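For clarity, chains are labelled A, B, C and D in written order, and residue numbers in each chain start from 1.
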Amino acid sequence: MSVALLYGLVGVALAGMGLYTALAARHLLRRLLGFNVLGAGVFMLLIALGARATGAAGRADPVTHAMVLTGIVVAVSATALALALLRRMHASEGSARLPEDRAP
Amino acid sequence: MSVEATLLDAVLAALLLWLGWRALASADLYKAVVQFMVFGLLLALAWVRLGAPDIALAEAAIGAGLTGALLLDTLARLGAAGAADEPHPLRLTPARAGVALACLLLVALLAATVLALPADLPGLAPQALAALPASGVSNPVTATLLNYRAWDTLLEIGVVLLAVLGVWILDAEPALPRPAPDPMLGLLLRVVLPLSVVTGGYLLWVGSHAPGGAFQGAALLAAGGVLWHLAQPLRLSASLPARAAVVAGFAVFLAVGIATAVLGAGLLTLPPAHAGALILLIEAVAMVSIALIMVALFAGRAPTTVDGRQ
Amino acid sequence: MSGWLPLALIGSSLLPGLLIFALPERRRGLRSALNLAGAGLKLLLVALLLADAERHAEAQWRLPLAAGLELVLRVDALSLLFLTLSALLWALTTVYAIGYLEGSPHRSRFFGFFSLCVAATTGIALAGNLFTLFVFYEILTLVTYPLVVHRGTPAALAAGRSYLLYTMPAGALLLVAVAGLQVLAGPQDFTPGGYLAALGEAHAVALTALFAALIAGFGVKAALVPLHGWLPRAMVAPAPVTALLHAVAVVKAGAFGIVRVVHEVYGSAFAASLGVLTPLAVVAALTIVWGSWRALAQDELKKRLAYSTVSQVAYIVLGTALLGPLAAIGALVHLVHQGLMKITLFFAAGNYAETLGVHLVSQMDGIGRRMPWTTLAFTVGALGMIGVPATAGFVSKMHLGAGALAAGQGWVLGVLALSSLLNAMYFLPILHRAWFRPARGPWPGAYGGVVRDGPDAAPLLLLPLLATGASALVVGVFAGLAWSPLDWSAHIVLTIWGYGDD
Amino acid sequence: MTAGPGWLVAVVTLPLAGAVVALLAGRRGGAAAGLLTSLLVTAAVCGLTSAVLAAGPQQLAVGGWALPLGIALRADGLAAAMLLLSALVGSGISLYAWRYFAASHHAAGALFWPVWLLLWGALNALYVSGDIFNLYVTLELLGLAAVALIALAGASVVAAALRYLLYALLGSMLYLLGVVLLYAEFGTLDLLQLQAAMRPGLAPALAATLMTVGLMVKTAVFPLHFWLPAAHAGAPAPVSAALSGLVVKAGFYLLLRLWLELYAALPAALLVQTLLAALGAAAVLWGGVQALRQVRLKPLIAYSTVAQIGYLMLALPLAAAAPAALPAVVLLAASHASAKAAMFFCAGTLLAAYGHDRIAALRGFATQLPVTAAAFALAAVSLVGLPLSGGFVGKFLLVETAVGAGAWWIVAVVLAGSLLAAAYLFAALAPAFGSAAASEAAQRRAAAWLPQYAALGMALLSIALGLAGPGAQALLAVTFDAGALR
C-alpha cells in the first residue's frame, strides 16, 4: 500500500473522529478541537490524493498544497472568531456550552 | 518507496490517530489542547513525508502554534469552572448513536472511495509546472497561491480580516492577563523579536523559490508579537492606524487586482515581467497585516476603545 | 387603439384612492372633492363608452406577466352593463358615505380603500380573460377586508376574520382552477359561447372538476349556500360599505364571475353537455329558498336584508344555470335590478339607524310617518324584491320563470313562487309596521340617544337614496324601452352570445 | 477587454474596495462609503445584466490562466438575476442601516459597514464563481461576515451567533470534503468542466451527498434549520434582513447549480430533487405552524423564512422538465428577499419605537406608524402571494407548472403554505388595525422617517416584481452550454 494511500486513510479516520466530536461534544472548546481535527483530516486526504502520482509525475500537485494552505488559514481565522464568541458568551452567561447543551 | 520509509510512515500514522483521538477525548481540556498541539507538530512531519514542506511550515506555525496558543489562552480566560468538562465527554450515549453511526458510515464510504479512486491522477501538476516560468516565481505552490489562484488567496485574506473585525465587534476583553513586565521576558524578547522578524522576512523571501511564504512568515512575526504582548501588553484597539495596518495586505492585493484589470490584461493578470516583484510586494504587505491581525486576535481591543466600556 | 380607456376607467377610482391615503384626516373638503371627481370622471368615461359602444368595442389593454400569462382589460357589452351599474352606484354611495361618516375617525383610510374597492370591481368588469378576472377578484378580497373591519370593534374584527376564512381558501381554489384551465386550454380570452368545447369529451372529468372549483371559488363571494356564512356577519360594516358590498362590489363580483365562466369560458351548451348546469341550478334554488327562510327569522333589519341578498343573488346564478335565452336575460337583468333595489334598501336601513337609531324591525312601528321619503324608497325596493308586477323584480322573475319553462325545468317555477311568497312574508310586515302602525314611544336614537330632528334623514343621506329608489322604479316600469337594462341584457344574450338563433 | 468581463470585475471588486474604504473611513465616513458603494455596485450589476441579455453569458479567466489551472468567473442569466436581487435588496439594507447604526447605541456600529460590504462582496463573488474550491472560500467569507454582523447585536445573541458559526463551519467542511473527492476523481475544479465530465460512480455520488448536506445546513433546509430562528430573530434589523433575504439564498443558489447543472446528469438526480422538494414541503408546513405559534414579531418573521425556503425547494423536481419553473423560483426568491427585508425593517422600527416586539402589545400601530404598517401589509401581500405581486406571479407559475406536471402534492403544499402564511401574517398584522389601547401602544421613541420609507421601498419592490416575469424569463434563458465542453 502506497504512502499516499496510507495517509489518505489516516485523513479519513481523523475526519471521522473530528466530525463526531464536533457534533457530539458539549463543551464548545472541545467542539472546536473537533472541527480542527476534522479539517486536518480533510486536508490530509486532499494532499494524499494529490500525492498519488508523486511516483510518476515526480512533483506533487501544487494546487492541492495551495488549497490546504488556504484552508489552514481559513480554519484558524474561524477558530479565532469562535473563541472570541466563546469568551464573550462565558463572560455574559457563565457557561462554555450552548444553551441546549447546558445541564438543567 | 523503501521499507523503512513505510515503517516510519506506519508509526507516524498510528501516532497521529492516537494523538488525534487523545486531543479530542481527554477529559481535561488543557491536556487535550496540549495533545492537539503535539498532534499538529506530528502532522507537520506527515506533511513533509507527503512532500508538502510549505504546509508543514504553515501547520507547525499556524495549525499547531497559533491555534494551540489561542485555545490555551481561551481556556485560561474561562477559568477552572468554565474549562471543566464531564469525565467522559465523548461517551457513546443513545442520543449520540445516530451521530456516531453517521460518522462511521461516512468513514467507511470515504475509505471505499479513496481505495476506488484512480491510482495515478496527476491532478494539475503538469499545467502548474508548465506555467511556472510565466508566474514570476519558481516555487509552484507560491505560484498557485499568488498567481494561478490569486483570487482564492485574496478572498482568503478577506476571511482573516473578518476574524479581527469580528473580534473587535465582540469587543472581546484582552485575551491574556497583563502581568507586570517580566525582566526575563524582556531579555527573551530582545533576542526573539529580531529573530522572528529576520526569519519571517527570510521565509517570505525564500517563498518565491523554496518552501515558505507570507503566511508562514506572518506566523513567525506573530509569535514575536505575542511574546511582546506578554512582556508589555499591546494596545491594538480599532484605532485608525490599527485599522489601516490590518487592512493593508487585503487593500494592496485588491489594488493590484483592480490595477491589472483597468490598466493591464485583466483581473489579477500579472505581467510576467513584473510578476515576481508584484508577488513580493503583495506578500510583504500581507505578511505584516496578517501578523498584526494574529496578534490582535490575542490582544483584542484594549480598554481605551471607541466606547468606554471595561 | 383606445387601449387607454380601460386603464383610465380603473385609474379614475384607483388614483383618488391612493391620493386619499396620503391625505391627513382633517382635509375633509379635498378628500370629498377627490372622491366626487373620481366618481364623476368614471361616469364621464362610461358615458363616452355608451355614446358609441361600437367604436370602443375593441378597446383593450394587454400586459404580459410571463410567457402565456396576460393581464387583459377590454370593454364588451357585458362589462359595460356591470360597469355602468357600478359607476352609478359608486357615485351615489360616495355622496351617501360622505354624509354618513360625518365626524367618524380614520376617514382617509376608509375612503382610500373604498375607492380601491371600486377600482377592483371595475377591473373585474373589464377583465378580458379568466386570469385577469381572478386577479382583480383577489384584489377585491384584499381591499374590502379593511372596510369590513373599519370600526375596529371586536364584532367587526370577527366579521373580518370570517370573511377571510371564507375568501382566502376560495382564492386558493380559484388559483388551481385557473391554472388548470391554463394548462388544458392555454391562455384564452373570454369568448361568447366559450372556448372549451374544442377540448370535447376527452377532458370531461377534469373540466367538470375545474367547473366545480370555479363555481365554489366564485360562489363564496356570491354567497351560494353553504358558502354564504360570512355575508350576514359582514353587515357590521358601515352602511355605505354593506350597501356597496351587497349591491355591486363583492357579491355581484361572484355572480358576475359565474356568468363569465358559464357563458364565455365553458359556454352554456358545452356546460350542459357536461351535465354541470342542473346541479348548479339546484344549488341556486336551495340558496334562494334558504336565504329567504333565514331572512324571516331576523329581527335586525340589516341582517334580514343580508339574508335577502343571499337569496336574491342566487336568482342570477339560477338564470345562468338554465339553458336558453330567456333565463340568461333574466339573470343579467337581475344583476342590475337587484343592485338598484338592494342598495336602496340598505341606504334606507342606514338612514333609519343614523337618524333615529332604529336597527330592529320591531322598532319600526310608525316610522313611515316620521321618515316618509326614506320609507317610500324602502317600499319601492321591498315591493321590487317581492316581485310585484311593474317593479324591477317582477321583470327579472318573469324572465326567469319563462326561461325555466323554455328550458323544460318546470320545478323552478315552484321555487320562484315559494321565494316570492317568503319575500312577501318578510317584507310586507315591515311595510305594515312602517305605514299603518302608530309609533310606540320615543325613538331609541343614534349614538346614545341623539335623534335628528327635521322631517327625514340628512340631505346627503336622503338624496342618493331617492335617486336609487327612483331608478329602481324606472327600470321596472320602463323596462321595455331601448337602453333599459332589459333591452341591454337582451342585446348581450341574443346578439353577442347568439343564443337567439337556436 | 470587452464590456461584459469589465462589469464582472466591477461587480466582484467594488464591494471589497468599498469595504476597505469604509474600514478606513470610520463611523460617519463609513456610512457614506457604504451608500456610495451600494450605488456603484447596483450600477455595475445593471451593466452586467444588460451585457448578459445583449451578448449572452459572460466569462472571465482571473489571472488570465487557461482552465483548469486558473479560476473562471461566469455570469449567466441565473447569476445575473441573483446579483440583481442582491443589489436591490442590498441597497435597501444600506439605506436602512444608515440611520439605524448612526442612531444606534453600540460603538461597534462603525464596523457594520466594512463587514456588511465584505458580506456583499462574498455574495457577488459566490454568484459568479465558476470554481468549486473558490466557492468554498466565498462560503467561508460569507459565513464569517454573517457571524460578525450578528455579533453587532451584543451579548444577547452571542450564543445564537456561536451556533450559527458552528453549523456554518460544519456545512463548509462537508462541502469541502465533496470538493476534495471531485478533484481527486476528475482533476479539475471548474464547474462546467466537471459538469461535462460528470459520470456515475462512488466518488461523485459521495461528493454530491456531502456537498448537498453541507449546503442544506447553510440554507437551513428543514430539518437542518434549527440554527436559523434564534440568529435571524436576534440580529440587528438590517442584519436580519441581509441574513433572511440574501445569505440563505446563496446556499439555495448553489443547490440549484448542483442539481440543475453539475449533477443533473446523474441517474439519481430526479430522486434527489424530489427528496429536496419533499423536505421543502415539510419546511413549508413546519415553518408555517411554528410562525403561527410565535408571540413576538421577529421570531415570527424568522420562522416564515424557514417556510419560504421550503417554497423554493419545491420547484427543484419541476425545473428540470418545465422551463417556466426556474423563473417562478427566482421570482419567489426575489419577492421573498425584498418582502423579508421590508418586514425586518418594520420590526426594527417597531422595536425602536415601542421598545418591544410583542405582537399583542402592538395594537393600533397602524394609526401611529402608518407608513410602517403599509410597508408590512404590502410585504405580507407579496409573501402570501396575493395579486398583483412578485410572490403572486411566482406562485401562479409554480402552481401552473406543477399542475402541468401532474405533481398535485406540490400544488397542495403551495396552497397550504400560502394559507398558513396568510394566517400568521394576518395574526401579526390584525392588531395593527385594531383600536389602539393607549397605555400599551404609547410610543416610547419617535420613529425616523428614512428607515420607514426604506421598508416601504422594499415592500413596493416585492410588489413591483409582479411585472418582472417576462424579464426574468428572458434573463434565465441565457445559460452556458456545458455540453460544448464534453
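To be clear about the criterion, a contact is a pair of C-beta atoms (placed from the backbone, for glycine too) under 8 Å apart; a residue touches a chain by one contact, two chains touch by 3 or more.
Quick caveat, the model's predicted, so the values are computed rather than measured.
Asker: Which chain lies at the heart of the structure, taking centres as C-alpha averages?
Answerer: Centre-most chain by C-alpha means: D.
Asker: With centres defined as the mean C-alpha position, give me the chain A-chain C separation in Å.
Answerer: 70
Asker: Could you grab the centroid distance between chain C and chain D? Build each centroid from C-alpha atoms only and quote it in angstrom.
Answerer: 44
Asker: Could you please state the distance in Å, as a whole number, between where the Cα atoms of chain B are centred and where those of chain C are centred?
Answerer: Measuring from centre to centre gives 74 Å for this pair.
Asker: How many angstrom lie between the centres of chain A and chain D, each centre taken as the mean Cα position?
Answerer: 28
Asker: Do you know which chain B residues sit against two or more other chains?
Answerer: 110, 117-118, 121-124, 128, 148-149, 152, 156, 159, 162-163, 166, 170-171 - these are the residues of chain B that touch more than one other chain.
Asker: So which bits of chain D are touching at least two other chains?
Answerer: 69, 133, 137, 140, 144, 147-148, 151, 158, 177, 183-184
Asker: What's the complete list of touching chain pairs for this entry?
Answerer: By the stated definition, chains touch in these pairs: A-B, A-D, B-D, C-D.
Asker: Given the complex with chain C, which residues does chain D contribute to the contact?
Answerer: For chain D paired with chain C, touching residues are 324, 327, 367, 374, 381, 386-388, 392-393, 395-397, 399-400, 403-404, 411, 415, 418-419, 422, 426, 430, 433-435, 466-467, 469-470, 472-473.
Asker: Per the contact definition, I'd like the list of chain C residues that touch chain D in the complex.
Answerer: My answer: residues 21, 63-67, 69, 71, 106, 134-136, 138-139, 141-142, 146, 149, 152-153, 157, 161, 164, 168-169, 171-172, 175-176, 178-180, 182-183.
Asker: Mind listing the chain A positions that touch chain D in their complex?
Answerer: Residue positions touching the partner: 15, 19, 22-23, 28, 31, 35, 38-39, 42, 45-46, 49-50, 52, 63-64, 67, 70-71, 74, 77-78, 81-82, 85-86, 88-89, 92-93, 98-99.
Asker: Inside the complex, what are the residues of chain A that reach chain B?
Answerer: The touching residues are 2-10, 12-21, 23-27, 29-30, 32-34, 36-37, 40, 43-45, 47-57, 59-70, 72-81, 83-88, 90-91, 94-96.
Asker: List the residues on chain D that touch chain A in their complex, please.
Answerer: Contacts found on chain D: 69, 133, 137, 140, 143-144, 147-148, 151, 155, 158-159, 161-163, 165-166, 169-170, 173, 176-177, 180, 183-184, 189.
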